[in-house]
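Going by the order they are written in, the chains are A, B, C, D and E; count residues from 1 in each one.
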Amino acid sequence: MSTANGKIRSSAAEALAEGRVTLVLGWRKKDFWWQSPVAFVESAAEAEQLTFDPFSVYNPVKYLLEAAGCHEKVGVFVKGCDSRGINRLLQDKRLEREQVLIFGLPCSGMVDPVKIRAAFPAPKICEVARDGEELLVRLSDGQERVQTADFLLEKCLTCRHPNPVVYDRLLWERVPVRSGVDALRFARVSSVAQQQIQERYAYWTRQFSRCIRCFACRNTCPACNCRSCIFDQAEPRWLGKASDMSDTLNYQITRAFHVAGRCFECGECERICPAGIPLQELNRRLIMDIDKYFGPYEAGLAPGDLPPLGTYRGEDPAGFDES
Amino acid sequence: MRRTGVFICWCGSNIAATVDIDLAVAAAKKMPGVVFADQNKYTCSEIGQEMIREAIRTHRLERVVVAACSPRMHENTFRKTVAAAGLNPYFLEIANIREQCSWVHKDKETATDKAIALIRTAVAKAARNEALFASELPIERRALVIGGGIAGIQAALDIAENGFVVDLVEKEPSIGGRMAQLDKTFPTLDCSACILTPKMVEVAQSEKITIFSYAEVEKVEGYVGNFTVTVRSRARSVDMGKCTGCGDCMLKCPVKVDSEFDLGLIKRRAIYTPFPQAVPNKPAIDRENCRWFTAGKCRVCEKVCPAGAIDYSQEDELRTEKYGAIVVATGFDPKKLDNYGEYAYGKHPDVLTSLEFERLLNASGPTGGKILRPSNGRPPKNVAFIQCVGSRDKAKGNPYCAKVCCMYTAKHAILLCEKVPGARPFVFYIDVRTPGKDYEEFYNRAYEEFGATYIKGNVSKVFPDGEKLLVRSVDALSGALVELEVDMVVLANSVDARAGAKELAQKLSITTNAYNFFNEAHPKLRPVETHTAGIFLAGTCQGPKDIPETVAQASAAAVKVAALLGKDSLLSNPTVAEVNEKLCTGDMSCLAVCPYGAISEKMLEERRGRETVRRKVAEVNMALCQGCGACTVACRPGAINLKGFTNEQIMAEVEAICL
Amino acid sequence: MKVTADKVNSSLVKEVEEISGQKVSACFQCGKCTGGCPVVSSMDIFPHLVLRFAQLGLLEELLHSKTLWICASCQTCDSRCPRDVDIPKVIEALRLLLLRRKGGNRLHPANLSDRVRADAPQQGLVSAFRKYAK
Amino acid sequence: MPVTREGFEPLIVAFCCNWCSYAGADLAGTSRQTYPSNVRVIRVPCSGRVNPGFIIRAFQRGADGVLVAGCHPGDCHYHSGNYHARRRFTILKQMLDYLGIEPERFQVRWISGSEGAKFSAVMNELTENVRKLGPNRKLRDAR
Amino acid sequence: MKKIAKTKLQELWQRLSAEGALHLPVRSDRVVEFVRWQEDVSADLDALNAFLPPKKYFYPQTETVLKYQFEDTLQLTDVSSLAGEKTILFGVRPCDAAAFSLMDKVYLGEPVDEAYRRRRESTVVIALGCLEPEETCFCLAFDIDPGKAPGADLLAADTGTELVFIAQSSKGEELLAKLNGVLQEATSGDENKVKDAQERAREKYVTRVSVHGLAEKLDTFFDSVYWDRLYRRCIACGTCTYLCPTCHCFDLQEYAAGRSGERIRCWDACMFPDFTQMAGGHNPRPTQKERVRQRFMHKLNYFPRQHGGEYACVGCGRCVRQCPVHLDILEVIREMGGAVDGR
């Protein structure tokens, strides 16, 4: 990965030095082995801290909303899923294409710290680095090699766009799409859908009973980019603040409806949910329905056209009795 | 909360019969914000309205809720009442406790519960009503009339007479419509052409009216006072400026096809005018049949044309124009008789429809006005007229009565006897209907003076029997079976809506009933208006009717148009969308769903801390917005709201209705 | 033959309507059924008058009429009736009223000879049973 | 609203579009049709105006069934309002079903201004279906 | 002091659930959370920190504080007097137990929060000592011994094969007395085993940071430019505050339905933009910078200033693990010179 970091650091430093951008968003390492927060690099010197490691998963694109306001042009490193977030902001007119200098990073999948902790005694882990198809896990008393494929994040197992879909420069060659992603994509949704109606309700209310309304899923989601969210508004009070099932269902249904046709399955909401709620199973169900009724559509690929729920066709089929 | 007054109407007994008014008034008094509640036998009457005005003054009411009939009936009436007492008209809310409560629920207790719930909902909404003000809109002082039959002609003439410019669009190469095909008109038997042609000429000569013949409406946008209509003038292949209407081309053209005007009884040429008195009297080339266009050879008409007016290269012409009002007068089609095999129509030449018989009667018709049997060209002796073919038929036809057949059949009987001395008409009827001035007397002459035999017994089957036609029926009155050998059978087929009426309705965004006749705003009180402001109806496109009624409707529509165009400005609909720029993200998802293009981007300058920040927000053009509200749902943060139906109001209604 | 108040839509008329599933009031006496009925010439009360008599409650006359037994329920009239009234069903209901009054079946499948059972057209058999069996 | 099993009277909230289904409702009234009084109508300019938030709030506040009624596709007074409604509610209906909320509770129907009979038929059918399902606990606000 | 073999815990749960509503950490789907014990559900004794801290038992995320009904006159019913069902809370880790005493300072100080007090009194807290630290644990920094839980009514020490129960309060004594049937008497050998286990556990913990003198340093740190860079990553979600055992801020909301309704109290977070939104539109903490600074300053400066130097943090590490953008309290302490582990 070091050559990768070298490319990242040099391209960032170059862009900053030449003044093409005044800010670059990337990732950097921090105290613990699994922490790769987003780095706000504003000078060539700071570019040295930029690192791209198996935990650089957080999507920096949503920071562009604020950054693009006070910077002429901003550089940003994007993996495949991140890049679809840029198309999301372009399609929502929250960003102009020329405000962003995009460095594309073909990504071979990010690692799940939970799986690493399950396989190795946590206090001993010092670093996990990528080495070709394998992972080099350095422990306080030695090191081990394992297959990356066994430790991937859930969202990377179903990733159909590892290569950035929009970029100004691609930093290295493209990577192949993992085989079997299509079969996996809606597997969990189908397994929930097959249950009886009362079982489904029990399943979902059990998941949502843990929702503490921390809004992490909304605040990290590039599709939730409104200036003032209805959930924060008092009059009319769309969402009550009580954390009972009625308002939690209200919140989850309304948010899923708002991102319907705009969510590009980056899976971040599910990954960072502290309550472990399988949110992708909800968003992907809507994607399945949109494909089924209004024709296959993948969000975050073509910012020019209208999202499925922003337009219509006279001959659309209906999910209800139209007699 | 707002000081609210609730007025519950008895509507005579219509509401009071199944809603306990006293209970409702008592319940209303306890609703949040209600400081006054009362009842009245007829709230829409002068006394009722005075009671409201009085209550507003004495109790300093800020909101008024009237629980009575549907808002679609008297919302405007009560808005004027409330305005007269100094309140903004939009501080009024109506609870529909008649059409949607007392009339449809028989049990008094549950009907009262529901009425109270509907009142509570109206009170909750009224509490959140904001003052709304209609703004002034300019009016395009030009009218469009669609359809050049007698309805369209009369409307155009009357509008022009009121001093307004009119564009008259007609699908056929000439105006005249259905009436031009008629010979005589009942009950006066005056010749149809004699009373129609002068009006057609008057239209042609009026400098205020422009005729667009061989043309159809392509697209309609905009709203009352500001319609934008695109009309497609189909390529005529004849230069109207040069052509003198001499008709040489029509003689020499080698192609002979069925004449639609004469219902296929005789042929016409590929270059044709529908009938001799056509206005404009300039032919058009039927490109589907013209040899030049189908096989690429001939061009005879070009050679013989003295004025060099033939122009094969002509293209369809699309013209877009602004109009203040539109009159729809597109007429009707006679019902096709495909599923009426029992009358042997199409199997025996002497079985005709009434319009075909009318063409035989017509001097410029296929037989020059002589009644001759198509089979052998000799005048018929016995003629059977069968009524209600496809009308008053729930099973396989139109369930409604086509209104004009009884009268024109009496006319046919009379004219038959005049034209063919000794001819004997037999009219098989269910009921003879003569609902007009001098109609009954006209019908009496048919059987008294001219010896028509009226048999109450619908014919079950017509048996072609060599040259003759055997008609079998029963005389329901005497009970005698009837078996007649006749020389000709005339079927009085029903009146269908014009083919293509549905598509035109969608273009104009007006609605049609189950049989594709256009829906009038109110059958009794607003017969020539539609629910879409600025669009009016005249003639059979709105339902079967005879010429006197059609002309009356045409003049009525013309007055409505003149009243509208006569205003110096129009009050716009104030319940339009409104953007809260603080919440607006600028993602323009509202713009994408607006059917009227009423939303546009605006650059907003805003101070944030020390520097000014520029960001895009949505902006609504109050004139174009029609208040559909599709944008309010597309806007995720709810930044765009619909005045009169705001998110706050509807949420309050939902919460009140569920209590 | 006199129309009296108690006869008009009497319980008997309602029973006819219930058995036949038809509303006699729907008929507006256009006469099309009679006009096309192939066996009308041998009927004493024509089909449209059957409906008229039912409308006026003159059921006794109907029950004694020959028409009930002439009608072969060939459905010609039903296929042409503009008011969607199934006249054969009404006539059949009248027959049933009569048969029920008289009691007993007048035709049982057993006493059909083999030749009849084999060759007779099915619709004829059905019609026969509708006429003579309860 | 008594809520015993046999005596259960469902509450149904119907959002009716002003130009078609509300007119149909009025026609059902003028032609003296009858349908159960469980249904309560809220008038909206167009089916395209109905926000899923309203539907959820109705269920939260105790509605046992919700109906959105609009013009038949192609007849919308505003051209495309019901087209958008069709897409939105197709997705919402599938999601509610997926989450385990009985799909019969949320219905969408096209009822024109001349279909008074259809309006009352739909009201009767809806009330019966929802009565069979019993009171709606799911999404119900406990307060 | 009494003990029980870890294999026979089901009987203990059965017995305890007879004494009151037994709540303990159970794994459900992907997280471990405190739930009410049900027949043959086994507790998860390995996970150190349950997803939500046990504060939810004394300070629930949503509770009704007042009901009102308006017929002719306004009737108010005080709901807080109904709180406090007899509860037994097993499996509280020493850090969470320490957090209870911090929260007691807020809700049992003047004016006493009645509902909180009733719940606190009607609950027996059984702490469970830790054997193995998570890498994100830094309870030592706040003088919390992973093996001990002085604030708890009972301490269950894990000696490998058995759980040894040590009563630490009268409520503890009372409960222990009732458990004779299920628990055996512990011998002095067991006592030593407990001490050894606590000693061994103690060694495994790393004192990552020191907060010595941190409160004083922060007195002058309010306007430092450090905050300008720190806050940029924060996405203003409520994860850190809702998961924090010592966070206790709330909001009051009205639920009106016609002529009746209720007032509820629910968790709120200083990280949310509308937490300090004033009616007139003014917001004393307009950007995320003020909010991020507020959270750390409150825990490491304001709270210690008000409560005799005690920091409003128990080093449980939930915020370090769950923050989506890895913005945690360790980073701030290190920035103030508190780093001990050289990082």
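Basically, a residue touches a chain if its C-beta (ideal position, glycine included) is under 8 Å from a C-beta of that chain, and two chains touch if they have at least 3 such contacts.
Given the structure is predicted, the values throughout are model-derived calculations rather than measurements.
For the interfaces A-E and A-B, the C-beta contact count is higher for A-E. The central chain of the assembly on a C-alpha centroid basis is D.
Greatest Cα centroid separation from chain E: this falls to C. Look at where the CA atoms of chain C average out and do the same for chain D: the two points lie 46 Å apart.
Mean C-alpha positions place chain C and chain E at a centre distance of 88 Å.
In this assembly, the C-alpha centroid of chain A lies 37 Å from the C-alpha centroid of chain D.
Rounded to whole angstrom units, the spacing between the C-alpha centres of chain B and chain E is 73.
With touch defined as above, residues shared between interfaces to two or more other chains in chain E number as follows: 255, 257. Residue positions 593, 634, 647, 651, 655, 659 of chain B each touch two or more of the other chains.
With touch defined as above, residues shared between interfaces to two or more other chains in chain A number as follows: 230, 238, 240, 244, 309. Against chain A, in their complex, chain E makes its touches with residues 28-31, 33, 51-52, 61-62, 132-136, 204, 206, 229, 232-233, 235-239, 242-243, 251, 253, 255, 264, 266-269, 272-274, 320, 322, 324-327, 330-331, 334, 343.
Residue ranges on chain A touching chain D, taken from their complex, read 192-193, 197-205, 230, 238, 240, 244, 246-247, 249-250, 253-254, 256-257, 260, 282, 285-286, 289-290, 293-294, 308-309, 312-314, 316-322. Chain B meets chain C in the complex at residues 342, 388, 392-395, 397, 430-431, 456-461, 472-476, 479, 481-482.
Touching chain E in their complex are the following residues of chain B: 30, 32, 655-656, 659. Across the complex, chain D is touched by residues 70-72, 96, 98-101, 103-107, 110-111, 113-114, 117-118, 121, 505-506, 509, 511, 513-514, 519, 531-532, 575, 593, 595-596, 626-630, 632-634, 642, 645, 647, 650-651, 653-655, 657-659 of chain B.
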